[in-house]
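Shared between the two complexes below is subunit A, which has subunit B as its partner in the first and subunit C in the second.
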Partner chain A sequence: MKVKMLSRNPDSYVRETKLDLQRVPRNYDPTLHPFEVPREYVRALNATKLERVFAKPFLASLDGHRDGVSCLAKHPKSLATVLSGACDGEVRIWNLTKRKCIRMIQAHEGFVRGICTHFCGTSFFTVGDDKTVKQWKMDGPSYGEEEEPLHTILGKTVYTGIDHHWKEAVFATCGQQVDIWDEQRTSPICSMTWGFDSISSVKFNPIETFLLGSCASDRNIVLYDMRQATPLKKVILDMRTNTICWNPMEAFIFTAANEDYNLYTFDMRALDTPVMIHMDHVSAVLDVDYSPTGKDFVSASFDKSIRIFPVDKSRSREVYHTKRMQHVICVKWTSDSKYIMCGSDEMNIRLWKANASEKLGVLTSREKAATDYNQRLKEKFQHHPHIKRISRHRHLPKSIYSQIQEQRIMKEARRRKELNRIKHSKPGSVQRVSEKKKRVVAVVK
Partner chain B sequence: MSSSRAAESLLALNQQEELEDLPREYPLSTSEDEGDSDGERKHQKLLEAISSLDGKNRRKLAERSEASLKVSEFSVSSEGSGEKLVLSDLLEPVKTSSSLAAVKKQLNRVKSKKTVELPLHREEIERARTPLEQEIFNLLHKNKQPVTDPLLTPMEKASLKAMSLEEVKMRRAELQRARALQSYYEARARREKKIKSKKYHKLLKKGKAKQALKEFEKLRKVNPAAALEELEKLEKARMMERMSLKHQNSGKWAKSKAVMAKYDLEARQAMQEQLARNKELMQKIQVASESAEEEGGAEEEGEPFVPDVVNEVQVKADRPNPWMFRNHSGDTKEAEVQGDPEELAEPAAQEAPESEEEGPVVAEEILLKEFEERRSLRQKSGLNQIAKPVGSQEAKDLSSQEVLSELRALSQKLNRESHQSRKQELSSTRTVLAVQREEPAGEEEEPLLLQRPERARTLDELEELGKEGCFQNKELPRVAVEGQQLERNPSNHLGVPKEKKRKEQMIDLQNLLTTKSPSMKSLAVPTTVEELEDEERDQRQMIKEAFAGDDVIRDFLKEKREAVEASKPKDVDLTLPGWGEWGGVGLKPSAKKRRRFLVKAPEGPPRKDKNLPNVILNEKRNIHAVAHQVRMLPYPFTHHQQFERTIQTPIGSTWNTQRSFQKLTMPKVVTKPGHIIKPIKAEDVGYRSSSRSDLSVVQRNPKRLSIRHKKQLKKISVD
Partner chain C sequence: METVPKLGNNVPPKKDKLQGKKKKPRRYWEEETTQTAAGASPGPPRKRKRNRELRPQKPKNTHSTKKSRISKKPQVPKKPRERRSPGPQRSLSGAQDPFTGPAPVPVEVVQKFCRIDKSKKLPRSETKIRSRLEAAEAQEEEISVKAARSELLLAEEPGFLEGEDGEDTAKIRQADIVEAVDVASAAKHFDLNLRQFGPYRLNYSRTGRHLAFGGRRGHVAALDWVTKKLMCEINVMEAVRDIRFLHSEALLAVAQNRWLHIYDNQGIELHCIRRCDRITQLEFLPFHFLLATASETGFLTYLDVSVGKIVAALNARAGRLNIMTQNPYNAVIHLGHSNGTVSLWSPAMKEPLAKILCHRGGVRAVAVDSTGTHMATSGLDHQLKIFDLRGTFQPLSARTLPQGAGHLAFSQRGLLAAGTGDVVNIWAGQGKASPPSLEQPYLTHRLLGHVHGLQFCPFEDVLGVGHSGGITSMLVPGAAEPNFDGLESNPYRSRKQRQEWEVKALLEKVPAELICLDPRALAEVDVISLEQEEKERLERLGYNPDTKPPFQPKPKQKGRSSTASLVKRKRKVMDEEHRDKVRQSLEQQPQKQEKAKPMGARPSALDRFVR
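And now, the complex of A and B:
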């Protein structure tokens, strides 16, 4: 007699160890899973909504400074350690995990203009209004010791900024000129000047470590090669650049925070047009810092908000503000790319999440998969109007909002005027200049 | 045949004499002991009576020569009118007179004969005439059907006692129906109780009183004892009323009415009514005498039902099966009830105008009547037998009757006819009864004997019915005669035991049962099927009512028509009334103008759903969907197909394998929490062959420069 029975291969349903996941037979026949697009669309919509629901970026406020925070510095080795200098010459070292100040130094008289850490994380340098450059030990003084800087360099002029080389014991200061110092020496190795104006900031390129960028108050951004005695080239913009920041993942790219409310991303090889103009701020941009991944940067503005821009987008993807946050003077993206710190006029350092709706802490693999999937869905359906609208929606302070409206009108008026001019003049006599080109006055080599 | 007819007519004549004439005309009694003169007078009267037997001058009034106790309209009647007539009394004076030899002879013959002669012989009845009948007889003989006494074998009886499915079903259906009715009545009563209208309640009360009166009348006829009880109750109520002085216009209501009575006609009427009621209740009534009379009447009328009671008792004795018993006791009771309307047909007819006055019969009463009718229809055969005196004796073995439902089917038909000529039949049967009354009452003890010929007859007549279709009125006397014959049968049977035995063998059990089953159906099915059909119809009706509002198909068609209408381009009427001519109320712009300024809309393209009857295609853009659709081709895409393809490729794990799902959803940049991400180094992008120490950043696509930048870079390098 023939007996019919079901037989299955145990390999298809028996797991090898009990730590393995249960094998679940799946049928991928598309007819069994219809409406994939609508279903995914709904999921994307839900994910977008949830993103907005969970968007709570503000984490902590570090208070303790007795004046406005003028500069911030990250520790190169420790994620939890942050250094900040205030306008009253005080430097504080903070522990982010405890959210407490762990050390407090009265470093300078007057402003602490700049602060930077040694690449090995053992010491840090500060410059102040008192024309000194001071090197401090990262660790606090041992019992009975005086709180004293390791070295103090007395300069002839006021130093407005300082940055340390990423690999060598060299640092650069700026003021009247850009000085490059050896740590062991009390006089600069070389001083470079191009014109006669105060230089507000100087930054070492983190990849091509001999390159420097500086921005001066005569509206130009000057690039230097440490190995040369003269500056490389400079680009003159419409308005003064407050600070620049190099992209840590792309050697030639830097972003300049400009007084004209915009940020300009330049390729140092082609300075005549910026790669991207980042517009959204409604007031002067005071500081900018790249995310260590090199995909985004954060900018601090006088309009009491910080914004996060993708490198390749002209518009910000995020704006952070609180009621109490005043003009934001300095901003830093932490080295693990998860958090943003900003120091503002009203003496507080604020800690933000870089991704507003990100869940902190350890994620299970399923959670991770779900967030990844949601992220991917949002990306896929980002052009759909509902999703776009929801994901773009932000609440803004009234002042910023009204200013945005105002500036939009102004911009439109300008555009219209330009068009009219073209229309009412002899054809060809007035050329239309692109927005990017317009911002660059000149490139000097 | 002719001889038998003659005998019949003679018999009828005799009976007439005995029943009607003799008691009135010949007040002879044993109690009478007057003188010879009296005897002579009597003799004279008798002579006269007999001479009037031929029927010509029967109604001649007798001379009244002396005072009599009871004076009849027609003649002087003797005091012993209620007494029994004895034949010997009748014969005595005849002996003295020699001229009445013929009459004497006749009377002698009457006396000598125990019963009337049969119109037909048994052999003649039983002889099969048609070929079909012969065949059936042969069959019966072969199968040894027990033709005589034990009509059913013990086994059959046992099987009969076991309740049959149909019966149970029937019974259950009845019970269900009764329960439903009960609940319905309860609900109705509750509803009625809630009604606040006084007028309504007054009318209701009146109606009830009338109904009660009617009922009482009925009861008086049917059950005098119960009627008496009822009467006593009424009397008690009256007494209470007399004691309580309730309706004497002394209550609150009455006083208020009295105030109003001057002005309000209605109030006055109400007061008068109450007074009348009071009077009525206060009246002293001589009930006893009336009720006595009525009792007598009731007895007279109730006479034909006496055998029913006997039957019932016997039924109870015969059937231990409670189901069957209950069923049948119910039947018999019903039969009694059923008997009433037939008996009371004439009074009801007289009361008809009154009943009309009462208003329309309520729906549930009709329902109830229907129900009763249906039940009665089912039991008519039994009823029929009960009504017939012959059948009453038959009914003693009701169980066997149930089984032999061929008989029922027959009698059911018979019944219809018999109802029409009920009177006739009754009278005829009565005559039979009267004749039999003289015989010793021994026959009643042998019911089984009565069964057999009845069955045989029905078997025969079933065939006849099949051929003829219906029973003729003409045959009714024959039925009665047959009844007579049946009663006589026992003696015949005893006379021929041998024949009986042979016939017993002829009837087979198997055959009997096989014939039984379809006949049972014929009885049971009509009712049950009817009920089933009723239920089905009810169900359908209910569904129809429940979904009365939504006719889906029509709705859809209507919707489509509306859609088509809406999509049609509309004509534009640009006429200005009053422009170039007089305008105003009631003035219309001229037809010419209207024609001129009517802008006809161009015929639109044919609808796409023109040839699709079940579809409405809306060719308009769905504004609700628009909110979810991408209006412009987003930036990186150059063709909408590219975009659509990316959208249509699912990335979820529902549509992809785990591996590909992971690949698809992998973010572009993965960072490990708590790791410092150092700036990129030349070695990391493969300029120098040294593996990267820090793997905190995994970059899937090393950043490409945009095309424009590449161009720029080229330019620079050229420079």
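And now, the complex of A and C:
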């Protein structure tokens, strides 16, 4: 007879002293871990609930402006510095860590229409209603000096927007036409027009740095190449586009914030159909900005809310609003991709977390592991109805909520009418046009 | 209560004479002999043999190193880095690493950790989703290889019992085993001589550290059976039908004559649950925190012990219920009935999930193994049967016992114990997942009284038997899982660890509605509701947005685009599609005709009307 009994030495399973860590032997045999899937499901459910519990995105409100905030700009080198321009011609520079205004300039008479920083962060440019372009030093004047711009360019028409080249000492303004300026000169290198209408915004492509996009009030989006004297092509939409923003990761993708409550993501190589229509706002979209990862963007709307959209989804993943926030005019995603700033009509700049339930500050490795694990679980079970319902739920102000209901009814009615029209006309005579194609009026080259 | 450890020297000398050629017991490490054991225990030693094979042997010539490292090609998706070095690598000191690359992983171990059933076909889906699913599958495979490799780190080996050539292990008595094993293991064999309070039911806690037992005449006690420290001992002055630990050893449910009572480990009555009356059997589902009770009135009641609510009370409509067991794999309750059927219950359904006709007479005992694949039943027809629980519910093997088994229990490694009268028989199988073979018992033991309760102790090679003479703790080498998981059920856990575990277990309490036959169903693609949703969507839209629009030829760029050529091209494509359709239908047709005509039937005049 040969016999062996299971006989464990307790010393190898119990810690020696109280100062030691407890010993935890592991065995990953599935029979020792029954109900793997149901338990993971419950964990995912708990993680989803906790995410909603901890979703407190609002961080700070920077007050000080004496009129509505009309434009915002990020500092290219310092994460904590933000520039803002107001409707009374005042420009303020803020320190986000202290949440204080560190400098104040009366830059223009009337609105500050646009503000942009130089790529090396030493100076910034403003344009205003007083038909001037001004360059300012980022650092304040030394003791005894007066606050004065480095350069001032007097133009013939009102400038409505400005953007700086990402690598060269060149900037572009828009107004009656798109002007490209050298920093050293007082007259534009070239001016480009296509039609006669006021252009509301111009943006340089951050990757293909010679490309420019602009949008005008005659409902079109025009693309330019700086190296040519004439514009490249334009797309005409149903309604006016307020701003565009280029994707910082994919050179040919840009998103347009439209008056018809939607945002359109275009591939500039094929402008005849938008890649994606992002709809959730219930009023005109005024501004849009991409996250540095290029996977999400944030949009500001006249409906007093900002929304975060994934680039490849047509519905927003997040909506931020407060009782006091009025029409949001401008929005920016910070360069560390963690925060969002928005400037609104009621003179405040608000700072939000980009990920509403994220824990700020340094995480311990165990916290990090736990959040990663929970994130994976949420992803795995995201389509289960109970979890989906919880993770999608957002509280909305009554005005937005009722508007959404109303617009849903309107959309349904339009769809029904179209169906009826097809049903009661000769087969083939009425073509069904896809929702994406419907919005694009024409592409002109 | 007195403890009578059985010692080897009080063996009657008569038996020695009967077994003339009986050899002196020997410890397994004392001498390595060739394994020619005919009467060897079928279960545990096999694994050892396999383990030995797997141990990487040092190659004689260095060129064959690479091949011997991998036991089979497809099992390891990621090939070990062979290209990097032609032979074994030399370090600075000049020493060779004889085992380059990752450790080899045997296929069957990888199979154990595989969670994805590749035979199942995925429904038609977009390429994006399909590629994501494929990526997930590949990841899953990699994980299972890693998990299998981590088995090398397990510290303990399972126990075993082998006879010499020709020796039957069933003839080996407990006294011999006690004599042969070490002192710590010998102390695990004990008898509690408790004749006064009648046949006993017993229950081990989930960690295997604590034992609770209750006698028919009201004696209830709980103890840490390893250290033999008594936690509480009371007499409830009422018949005790069954006793069960709740999620931890601190709570104890006792089915008494009228009502269900819950005691703590001091013996203080915490609750008297009057909604559960005249309970005959108790089962605790640890991951759902449900206490399932079967009553004389024919009701199966689920009590949620974390909130104290009754989740479901199901009328089994089969008279008095006194045979119940749980399937530890999917938490389904198996009830045995007097008409020979076993019914499977979940709290989510008012009707049984399945009914299996097992015996000609009534069912006497049911047990389900830890992998949830096999069910053992015994009936009044003196049969002991083993059923496959994976879908078909077919009997795998059966045998007639002279008296029939009144109590059955499975161990963690798949040993089956049956109590018949005052004898306990134990059968072993080929391993954890295989059914026990019923021809030769692995061990037998005769007790002082009739068996009334049986349970294998988790994580210890011990079988606890409650009988009319008290409690016996039997040694069954190779019964238990040798390596426990510290986060799941740790026999050596401290108070803090238990508290931590309790909080976590309560946080991930599985809802009772999720109990069903396949616990993995939640992670699979729900094809039925997907199709339903698709149908509703089509109805709502009024057209199918995914259908291909009819082919519209593009006008040619350079002046060759006449209307005639456009129509021609359009027709060409249409004809091609039509031809494809005809070809497909032709391929299907002959099969249909063959099916329709029965072989050898006479042609009838009415055949012409058959389509």
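The definition used in the following text is that the second predicted complex is superposed on the first by the 420 of 445 C-alpha atoms of A that agree within 3 Å, B and C clash if a C-alpha of one lies under 4 Å from a C-alpha of the other, contacts with A are read in each partner's own complex, and residues count from 1 in each chain.
By definition in this document, a contact is a pair of C-beta atoms (placed from the backbone, for glycine too) under 8 Å apart; a residue touches a chain by one contact, two chains touch by 3 or more.
Keep in mind it's a predicted model, so treat the numbers as computed, not measured.
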Handout entry: First (subunit B), second (subunit C), both or neither touched by A:176
Key = neither
Practice task
May I ask you to decide whether A:135 touches subunit B, subunit C, both, or neither, giving the answer as first, second, both or neither?
Solution key: neither
Exercise for the section: Once the structures are superposed on A, label A:28 by its partner contacts, choosing first (subunit B), second (subunit C), both or neither. Expected result: both
Exercise for the section: For A:407, select first, second, both or neither according to whether it touches subunit B, subunit C, the two together, or no partner. Expected result: neither
Problem - Contacts of A:314 with subunit B and subunit C, given as first, second, both or neither - result: neither
Handout entry: First, second, both or neither for A:37, with subunit B first and subunit C second
Key = both
Exercise for the section: Based on the superposed arrangement, let me know which partner A:1 touches: subunit B (first), subunit C (second), both, or neither? Expected result: second
Handout entry: Which superposed partner A:206 touches (first subunit B, second subunit C, both, neither)
Key = first
Problem - Touching both subunit C and subunit B, counted on subunit A across the two superposed complexes - result: 26, 28, 30, 33, 36-37, 39-41, 43, 380, 384
Fill in the blank from the handout: Per the touch rule above, subunit A residues touching subunit B in the complex are 26, 28, 30, 33, 36-37, 39-41, 43, 76-77, 79, 166, 206-207, 248-251, 267, 269-270, 273, 275, 292-295, 312, 335-338, 362, 369, 372-373, 375-377, 380-381, 383-386
Problem - Residues on subunit B engaged by subunit A in the complex (per definition of touch) - result: 627-631, 634, 643, 646-648, 650-657, 661-662, 664-669, 671-682, 696-697, 699, 703, 706, 709, 712-713, 715-716
Problem - subunit A residues within the subunit C interface of the complex - result: 1-8, 10, 12-14, 22-43, 46, 380, 384, 419, 432
Exercise for the section: State the interface residues of subunit C toward subunit A in the complex, per the touch definition above. Expected result: 23, 25-28, 112-113, 115, 147, 150-151, 154-164, 167, 169, 172, 176-177, 180-182, 184-185, 188, 287, 328-331, 370-371, 412, 432, 459-461, 475, 477, 480-492, 494, 496-497, 507-511, 514, 519-523, 542-543
